[in-house]
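Please find one structure pasted underneath; my questions will follow.
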Amino acid sequence: MDKTVSSLTEAVAGIGDGASVMIGGFGGSGAPIELIHALIDRFVATGHPTGLTVINNNAGNGHVGLAALIETGMVKKLICSFPRSADPVVFTELYLAGKIELELVPQGTLAERIRAGGAGIPAFYTPTGFGTLLAEGKKIEDFDGRSYVQERWLKADFALVKADLGDSHGNLTYNKAARNFNPLMCTAAATTIVQVSEIVHPGAIDPEHIITPGIFVQAVVQVANPQQEEVLNRAKAVYPEVAQ
Amino acid sequence: MDKTVSSLTEAVAGIGDGASVMIGGFGGSGAPIELIHALIDRFVATGHPTGLTVINNNAGNGHVGLAALIETGMVKKLICSFPRSADPVVFTELYLAGKIELELVPQGTLAERIRAGGAGIPAFYTPTGFGTLLAEGKKIEDFDGRSYVQERWLKADFALVKADLGDSHGNLTYNKAARNFNPLMCTAAATTIVQVSEIVHPGAIDPEHIITPGIFVQAVVQVANPQQEEVLNRAKAVYPEVAQ
Amino acid sequence: MTHKLTNAQIAWRAAQDIQDGAYVNLGIGFPEMVAQYQPPGRQAIFHTENGILDFGESPAKGSEDWDLINAGKKAVTLNPGAAFFHHADSFAMVRGGHLDVAILGAYQVAQNGDLANWSTGPKGVPAVGGAMDLVHGAKRVAVITDHVTKDGKPKLLESCTLPLTGVGCVTRIYTSLAVIDIVEKCFMLKEKLPTLSLADLQAVTGARLFTNGPVADLIVPEL
Amino acid sequence: MTHKLTNAQIAWRAAQDIQDGAYVNLGIGFPEMVAQYQPPGRQAIFHTENGILDFGESPAKGSEDWDLINAGKKAVTLNPGAAFFHHADSFAMVRGGHLDVAILGAYQVAQNGDLANWSTGPKGVPAVGGAMDLVHGAKRVAVITDHVTKDGKPKLLESCTLPLTGVGCVTRIYTSLAVIDIVEKCFMLKEKLPTLSLADLQAVTGARLFTNGPVADLIVPEL
């Protein structure tokens, strides 16, 4: 069993037009910048994939990573909790121009829907959102005298995930708060593609310290010194770099 | 903040008649034998607590730990998935005599109900048990053409948990497969009481390696060399030891 | 209006009600200030939605670790005993009732405890984050806010006109003029600035203020 | 009945269908034997409900660690790359469709894929464990069983008479006499012992056996 792939290009080669793609991270923390940029590279080279539905907590920041993916026009719809950031201009302009769809989901509900997708729970009840616009049209049920909103699982065709250590079985650890949505998304996608800072041999990670067991992972690619969105944005980086 | 308590006696002193008590472990692995025995000691000394509802995966084995708790007559009802073991005579005899109630729950549903209790999810849908006796009387709903059973959260007044390391904030690690139900039960009880092999200072456990964050724990007591149910049963131990 | 508390003073007042060892979530922006004003000898444990319990102060400029941020995407540090966890576990803490207090900002609060703090209406890009989860999870949901809007309109109302964050969830409001509890769908005045008459306070409040005992003076230090 | 496969031989046959790298859960008892007969060059990863992925063989007697057990409460060891997790995550793997194969024992299997393997009726103490979760989670649910009960009655039936574990969940049955798929609510015979006529096999099967192509010889090594 060897889930490692040798290049970012190879890692994202299977993502087709119209795919749903979970992208890990909370803002820049835990965002798989290199996997996203590899997907943009493919689009620049081939015109594909397009029409993506992206699931992420945010809507990108500046002109790199998720914001750059949106800026290319590859994203048809975004499912997120907080499409604001220090520099949200890319999403904001497309959204206000009616060129991208938005499904707004409370953050805890987003996390729980993804977990439910991974755990085979098609629906659950939450107090979150009851009596608000975000519960409109949703089934309400009372338990023990309190009203709850029924929410559905969320699954995706692909997950793009950033981890710290990974082995060839797909076992993963994360770095600090870069964990966030990443382990959940690993469980809820048909194909989970992970960039790790270092590929280690099976057994190198203490079985007690594995956060994502390999069963949830299909591909692991090494990106030894991953970029941070925050650092790129402070340097006013743009992806792809303007050619002329 | 210091959640440590100095004795097992003190740790279990607040458990009253009729309480619901989650007890961690899968068979003997991860079973908080010393906390259970402390509760039995209290009953022997004071006649309390009685009428307990116990939530555990099993129904005890031999005449120690959970089996001993049941044998005293302190347990009114057991919620579990698998009330069989190498030596299940204590539960079996009381059950067949109609002296203890049993709510049988599929193991994954038991785990998920406890997680739901801790996570504020009052109900969820699972495919497990659909069309079987264990779904009788339960609400059924179809999602995407498949039928699912509605299951309710499970909470308890107390959880008795066995961990490995613990600090004064209640942060915990577990030993190997002794993890099992323990972290879930920590989240789902109003008062979670944990026996740990070693109390360490806050910061001694790497924040990446904490399995149960302290927010889920109310009391930590050190039991330096905890007993294993399997070892006790192979030695044909009985608790409390017969006095004469 | 002559005198009112600064944001720092409102945050200070809210901080006085947080017990030692309490688990607390502070909304992003203004509520984050509350952490600075913990009374001596008390130490709350702060939770952030993105998966940290017991984070500490901001790091020195230039030494930020951008994998160690709070829900406001600001760099933080760790206290001894901190823990990391994923987003589903983080919101299990929230939704499961494990937090003692959540302190949030507000556009409007209604006398029945309804809160509006996520949307100013259909224009622009809507964003909700974790607020809707927090208001239904923490054991106590408090609001800190200026007593009125920037153009002087009441923020404490008979009912909210903006889209709700949660129904009947707020139990205490710390404003620039007063401390008000919500008790049986009424605003119950607990403290007010000593320089302010009850009538003046009522005049800038959009619903009737009740009292159920002496109203204490709202006294805060210069900050 | 003259010749039939031993349990070891049934387990061996089931093991031949497990692909390299497959994630597999083996029911407690007889199905655990399947792990011993993986074809050379293939290595499945075994999951146990109590929170281990990629556990290995039993330890030497006397060196058991009773915190390192499988769902049958037997001591196991770890392979390199093993991981621990709690019970909710363990059943997320099961229920979420992440296992490639679950191999379980059976009291009865019906031609529509219904399985009965947890209760022999209202007498005694009922116990279900993880079986009801496994049958609705794994991508492929196979059964290994003697073809008939100890007193010679068919276990493969038109419909189960014992309490069900799951509805329409079994896709392949490895018995002591044959390998049978369940296709569109029919028993589809794929392999049978070469010494056994189709009529003899049908005689000990409680529902009609169909074929949709040549029936291969069920050939297994001496074990």
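We call the chains A, B, C and D, going by the order they appear; numbering starts again at 1 in every chain.
The definition used in the following text is that a contact is a pair of C-beta atoms (placed from the backbone, for glycine too) under 8 Å apart; a residue touches a chain by one contact, two chains touch by 3 or more.
Quick caveat: nothing in here was measured; it's all calculated off a predicted structure.
*Asks:* Quick check on the contact graph: shortest path length from chain C to chain D, in steps?
*Replies:* 2
*Asks:* Please tell me whether A-C or B-C has the greater number of C-beta pairs in contact.
*Replies:* A-C
*Asks:* Quick one: chain A and chain D, Cα centre-to-centre, how many Å?
*Replies:* 37
*Asks:* So how far apart, in whole Å, are chain A and chain C when each is placed at the average of its C-alpha atoms?
*Replies:* One centre to the other, that is 30 Å.
*Asks:* Give me the residue numbers in chain D that touch at least two other chains, ranges are fine.
*Replies:* Correct list: 52, 84-85, 88, 91, 94-95, 136-137.
*Asks:* Got the chain A residues that touch at least 2 other chains?
*Replies:* Correct list: 112, 115, 119-121, 126-127, 174, 176, 207-208.
*Asks:* By the document's touch definition, which label belongs to this structure's chain graph: line, ring, star, complete, or other?
*Replies:* If you draw each chain as a dot and join those that touch, the picture is no line, ring, star or complete graph.
*Asks:* Can you work out from the touch definition every pair of chains that touches here?
*Replies:* A-B, A-C, A-D, B-C, B-D
*Asks:* Under the touch definition given earlier, write down the residues of chain A that touch chain C in their complex.
*Replies:* Touch list, chain A to chain C: 26-30, 57, 59, 81-86, 88, 91-92, 95-96, 102, 104-112, 114-115, 126-134, 174-184, 211, 228-231.
*Asks:* Can you list the residues on chain C that touch chain A in the complex?
*Replies:* Counting only chain C, the residues touching chain A are 48-52, 64-69, 71, 73, 84-88, 90-91, 94-95, 114, 119, 124-133, 136-137, 163-167.
*Asks:* What does chain B use to touch chain C in their complex?
*Replies:* Residues in contact with chain C: 1, 115, 117-121, 167-169, 171, 187, 201-203, 207-208, 210, 213-216.
*Asks:* Which residues of chain D touch chain A in their complex?
*Replies:* My answer: residues 20-21, 23, 43, 45, 47, 52-54, 78-85, 88-89, 91-99, 136-137.
*Asks:* So in the complex, which bits of chain A are touching chain B?
*Replies:* 112, 116, 119-127, 141, 143-144, 146, 148, 152, 173-174, 176, 207-209
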